[in-house]
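Pasting a structure below so you can have a look.
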Amino acid sequence: MDYLRNKELLNFDLNVRNVGKASIESPLKLSRVMNDDVANFVTDDERILAVNTFDEMNKWLSKEKTIPSFEKAGPRNKIYFKPGDTISAVVTCGGLCPGLNSVIRALVYMNYYRYRNRITYGIKYGYEGFIDKYDHAIMNLTPDVVENIHKIGGTILGSSRGEQDVCAIVDKLVKLRVNILYTIGGDGTLRGSKAISDEIKKRNLKIAVISIPKTIDNDIAYIDKSFGSETAFSKACDAIDAAHVEAKGAFNGIGIVKVMGRSSGFIAANATIASNDVNFCLIPEVPFDLDGEKGFLNALKQRLLKSNHAVILVAEGAGQNYFENLEKRYDASGNEKLHDIGLFLKDKIKEYLAKENIPTSIKYIDPSYIIRSTEPTPNDSIFCLQLAQRAVHAGMAGKSDIVIGYYNGEFIHLPVEVAVSKRKVLDPEGEVWLSVLEATGQPMSFKN
Amino acid sequence: MDYLRNKELLNFDLNVRNVGKASIESPLKLSRVMNDDVANFVTDDERILAVNTFDEMNKWLSKEKTIPSFEKAGPRNKIYFKPGDTISAVVTCGGLCPGLNSVIRALVYMNYYRYRNRITYGIKYGYEGFIDKYDHAIMNLTPDVVENIHKIGGTILGSSRGEQDVCAIVDKLVKLRVNILYTIGGDGTLRGSKAISDEIKKRNLKIAVISIPKTIDNDIAYIDKSFGSETAFSKACDAIDAAHVEAKGAFNGIGIVKVMGRSSGFIAANATIASNDVNFCLIPEVPFDLDGEKGFLNALKQRLLKSNHAVILVAEGAGQNYFENLEKRYDASGNEKLHDIGLFLKDKIKEYLAKENIPTSIKYIDPSYIIRSTEPTPNDSIFCLQLAQRAVHAGMAGKSDIVIGYYNGEFIHLPVEVAVSKRKVLDPEGEVWLSVLEATGQPMSFKN
Amino acid sequence: MDYLRNKELLNFDLNVRNVGKASIESPLKLSRVMNDDVANFVTDDERILAVNTFDEMNKWLSKEKTIPSFEKAGPRNKIYFKPGDTISAVVTCGGLCPGLNSVIRALVYMNYYRYRNRITYGIKYGYEGFIDKYDHAIMNLTPDVVENIHKIGGTILGSSRGEQDVCAIVDKLVKLRVNILYTIGGDGTLRGSKAISDEIKKRNLKIAVISIPKTIDNDIAYIDKSFGSETAFSKACDAIDAAHVEAKGAFNGIGIVKVMGRSSGFIAANATIASNDVNFCLIPEVPFDLDGEKGFLNALKQRLLKSNHAVILVAEGAGQNYFENLEKRYDASGNEKLHDIGLFLKDKIKEYLAKENIPTSIKYIDPSYIIRSTEPTPNDSIFCLQLAQRAVHAGMAGKSDIVIGYYNGEFIHLPVEVAVSKRKVLDPEGEVWLSVLEATGQPMSFKN
Amino acid sequence: MDYLRNKELLNFDLNVRNVGKASIESPLKLSRVMNDDVANFVTDDERILAVNTFDEMNKWLSKEKTIPSFEKAGPRNKIYFKPGDTISAVVTCGGLCPGLNSVIRALVYMNYYRYRNRITYGIKYGYEGFIDKYDHAIMNLTPDVVENIHKIGGTILGSSRGEQDVCAIVDKLVKLRVNILYTIGGDGTLRGSKAISDEIKKRNLKIAVISIPKTIDNDIAYIDKSFGSETAFSKACDAIDAAHVEAKGAFNGIGIVKVMGRSSGFIAANATIASNDVNFCLIPEVPFDLDGEKGFLNALKQRLLKSNHAVILVAEGAGQNYFENLEKRYDASGNEKLHDIGLFLKDKIKEYLAKENIPTSIKYIDPSYIIRSTEPTPNDSIFCLQLAQRAVHAGMAGKSDIVIGYYNGEFIHLPVEVAVSKRKVLDPEGEVWLSVLEATGQPMSFKN
């Protein structure tokens, strides 16, 4: 984190909207004082600093009125919705991500066992599930139904991409008497949640909308990590292992692995460090030349001459500049369809090494959906559970228009506008990329 | 097994060639009698029947002089090569397969600890390693070197495809004073081993050539299973899980997985039964129509209408008839390069369902090298170790021109000519395919 | 397999009892002829030989009237019970074993999708579930209920040990209008099944009883392998890895692992070969001395002096002779409670090495229930599915009083009396133990 | 984190000792400016705040001169030791922990490839390896030697417990011409490192001592997490799964799992949240009554009556007050040997439920060494690599008497005296314990 980048936070109101005044006693038996060795309620005054270094703090203190900070998530002493009688709905949208079922399960358990709410509707196939014409069934999620779902990847609710009519969605929420809507999804889903909430406010309804950000690419702004991303890079290590084994299995063998990462290289970078067998890591944030003395192809050649094998890990969004002349295509969520940088590299390398008279054997691996359809690692499971617990606390307290975020080691309430204000990218001057450079030994830059 | 198919065995001499008379006492302290509760030496007279049913036996007994049988593998009381002084070389050829390192490790341990031979040469990058111009180093494999290699996929020796000059190979064997050559590879490698052995015989050398058949497709004739194939279909289950999760994650979701299997569907069939989540399994042995009422596309449509999702597993060699008009291409081993049936199916399904106005979401997964580069399962590890143990027993006893096979529950010495006489395919009337049909519920046939 | 041991089979009638004449056409669309490339029905005449070597065959042919053989399992053309209307019940008894849920799931799927039977009752907590006083609910197992259970260890039905009143059980079967009872359990359960069947016959009822033998120890007679045992030894490898790591982590480190195996050492022996890191494997079938020059303790000492670490794998039933003077105790199934040979060895080794002035560090690992509560490996999953498929074929055909066995590479109908006639043990003169000796390098015997 | 607890930090000098003036140019090609998109050197002025909330910050600002902060770890522009010529030694002490080999490997790679130092000595079996009388070999760790060790648990160096003569250790460092000593170990090892460093200073030698804290219990003060602890609780989930399966496998089944955690419950608490199947989690930090209405036994009984099964996870150090009257015993590291709370609970529960006439079946699982001997998870691997990278940067820069810590999301240089000043425990008022309470539903307290 650094002062310059955090300055953008001044552009936002970081306070959280409440559906109404929280005046009902929480059914949870927590403490209100510190140091009695009993877990505590959290108050709205507890705020998490947006800085973590001495320098940044001092720059703020000398120049600005207040250091930006976020409302801390957690159970509130006074809540807005009536425990036992609150009806919730949960919907999962966009591409699959490890941990979706863990989040769903924990939402249901929290509702059922902690706040004694018996009804948590499961909306099928994303926002489609609210729209009558699709005719998707609506599930009632009880502990029995969700007991073992955390052992399985994906989402038992199914998902879909794209927007649906906001008025129709709110009509259905009213019809189902829903008090709290939990949406789990990425950028587009969060914008959709905002639109739903705006319609709710317009109608003066008392429905809270709480979002849990889902992005396997870990690219939501002002959130240190998102659920599923650890599992994704962990699972990617299997493909890297395979590429490494293949690369060593042939003279001048080359293994290329492509992983997710449309505009950010978190999966690629973390998988590189975790596996420790990658020699070249290419990500969208760090452009590279192919040709020329400092270009990637020459660096690869030098590596082969020295070590007789090489492993290349490339994020799908890297090097898209090489396709600039091609026509753009889009998916149902409105995301641009990327061109296949993995196959492109494979062809370029083959051609280059043939020209240089260097025998090689190139193996290309695209683990694709295997990475995102897996069940979460134990550490990711913890994160899913903690997000869901705090989402239900926030919802029952009557908070709305927020995502449950994680920043500076704490769970926070982040206004949804802030979360969608920009995409997070990997900082080439940060700790993770430094570790990548040190682990791979690749040059600081492939630019001539 | 059935009588008709086993009749082909009459075309072969199933007796095993010996390099010379085995007259040296084995250093192993085994028993020569049954029922003393001490493990036994095996004699050349012990033979494994090629039949396992009453009917087959009776047909042979009534019509033929003798039922075909195979020499049983195992430690011999009298051996040909001098324990402690025998020099071996081991080479791995062709594509990677789970368990290669386990076989190498067990060969070295057997040589070193049981027969006290200190030198087991590791030849690098397949038959290339024998040829001077490639300038590959020759390793000396001791227990220290191979101690942990079974935890890693691939082969520490590296591999390559294609033939090399047989005379040069034998020259190098002579130069290294090799007594026993262990070759690990597929069809092509076994033919190569035969050619090497022929050259050895021509020169009247006393060098034994023992092969361990490697085929991830499990398609070597007269061998019930080959090492690595269990691991391969086990690992394929990960990809099927992902496909299943993806298929259920969208309305009318379809997951397609392509697995290895050039001319035989063992991996596809076994992975289908093991995962129990596949709805359609397509293999080279069972041709299918796409169109028409009984065709695959209509069956898929009916499945979607009923269950709203489907998982398809296709062996790479299935449906190659759909590419008959395209030009043929070959790899360095002389294998024909297959066309991508997975992508072909994806396109055909997409087009068909669009025409039928059925919304869908198709996810295609090609786990490719991930499946073959993994370390072996424990059960496969056992098999690797047992093959290697018997290979060293055979080599030290002076056997030659054989592969170590597994038939009717026993390890056998199978003459290499028999092993390469044809390719094994999955029997559409056998137990495995029946289980596939019952597990998937797919029709007996997709032929109109 | 050898002639002497198979001679015992002459003591038994290997023919299978039928509840009545099978006269209903099977709903399965299989072929009745070979070589039409369509999977076939199996006839009662197809029999699997009890021998697999030339020698054995000849000994039988020269001395006896007929070689013993078993009825082959599989789908019958004519069946006894009416497809669509047959009611089944399934019960799981005794200790947990990997694969129970896979067997249950496949029974349900076969009933539901292949024979169109809508009712498969799940009896809870073993035979207790038939007895009113326990008041356990009875489940109706449909595909929905069992869809994901194969991903979870244990049995969704629960289990219990011990006998229950046979008359009450049959009363309940009658009340539920059960046609086929599937029992899954070990020795005791199979005897119970026989008793139930005898009572059924006494009452002249048309209820078939089919058993699927469950023994993690793999010790059912005349059955080559039982489900779950591969998973068990595979999982045991984790504990051996830990023991090996711990042994190498300290000077003269010793890792001891205890695994299941009351009277047979299959898990221990297979885990030894699979892991390839065990130095001493002790099993019930091969007694050992502790003291004396050839005793185990001296061998261990020599190993430490040479290699500075050792891994010991001991089956729980090994060395029970060392506790002969202690009082015997029994569990609810009537099995004798074993004394802890692992802790005994740990203490003896510690004492001995202290006396010999050899510093050491001993780590004892008892993975216990971790091994049996896990989900099955893919290969074991296949086996579970195949057993269950054949069980339902047998049941629908009106077979009774049998277990579904696996012998000489084929699935068979084995009369339950034969299965419980004795316990199978590991043959010290067989292939597996030979591989253990060669993999560990331990002496042929620890007897002075 | 809260103000009151962080106040203790004022008792310490948080500045870091340097062996001498760092005046050699670093061989690393990093940037010295921000915002040029090239990774940066870190300066000694960059300091990480010990607070992360607005409130804490304000309390410090209003009352104290400066908020405590830590020197940030990372590559320095000017270093003290000569790259290419620096000799290092690495030693691992105490019990095994996942990730030791990953740390060793990364230390060697950083030395070899980044700072071009060819000699990294591996000291065998902990501090013993420095002492002549033990006669342990000294390894030279090159990339070849350590290439695959991260796939294997434990430490290739071996380890030992207990202190050794500090003078003899420094003598050996001098004899080997070691410039930097890396010690990896727990509390005792860190104290030993301090003693070695004190002797070095006394002799006025220029040897740096850098420690990487190893504590599977995660109980080192002022360090948010230590390597291996994530892997430990992840692996513990296997045992919990088994306990859950066993508990559900019998009527009123109870599964008890004991995990590591001498004085802190991090493994138990995290495994509880990760697995999400634990009903009762008992840790050293939260004492419990067994008897009485609010006691643990009554709560367990109520659970059984409602749900018919229960899973209990207990940290080994929990409830040690129940053994207060027993004699105390100690291991070679001087740690008190704990009494077995798992077996104690099993007996107490059995006795209590028998008295209450509630049938049950209790299964006790102690995964013990299986948890600590495993290889690290990918996320833990990243952490190991990052610790080792920063350790080498610190060593080459001439820092000494520090541990590489992790605090508030950043890697820091923590003076070793601060790290050993007290043991970290789990805060019963913190986020983790709150999640445990919400996940299990267990009462806030078992105290009457």
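The letters A, B, C and D name the chains in turn, as written, and every chain counts its residues from 1.
Just so it is clear, a residue touches a chain if its C-beta (ideal position, glycine included) is under 8 Å from a C-beta of that chain, and two chains touch if they have at least 3 such contacts.
Not measured: the values here are computed from a predicted model.
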Using the contact definition stated above, find the chains touching both subunit A and subunit B.
C, D
Chain pair with the higher count of C-beta pairs in contact (A-D, A-C):
A-D
So what's the Cα centroid distance for subunit A and subunit C, whole Å?
46
Using the average of all C-alpha atoms in each chain as its centre, how far is it in Å between subunit A and subunit D?
28
For subunit C, residue numbers touching 2 or more other chains are 152
Which residues, counting only subunit D, touch subunit A once they are in their complex?
1-2, 4, 29-31, 34-40, 45-49, 51-55, 57, 61, 67, 69, 72, 74-75, 102, 105-106, 109-110, 113-114, 150, 224, 230, 233-234, 237, 270-271, 273-276, 286, 377-379, 381-382, 385-386, 389, 408-411, 428-431, 433-435, 437-439, 441, 444-445
Contact residues on subunit A for subunit C in the complex?
148, 151-152
Contact residues on subunit A for subunit B in the complex?
96, 124-125, 128, 134, 136, 152-156, 158-160, 238-239, 241-243, 245-246, 248-251, 253, 255, 363-370, 373-374
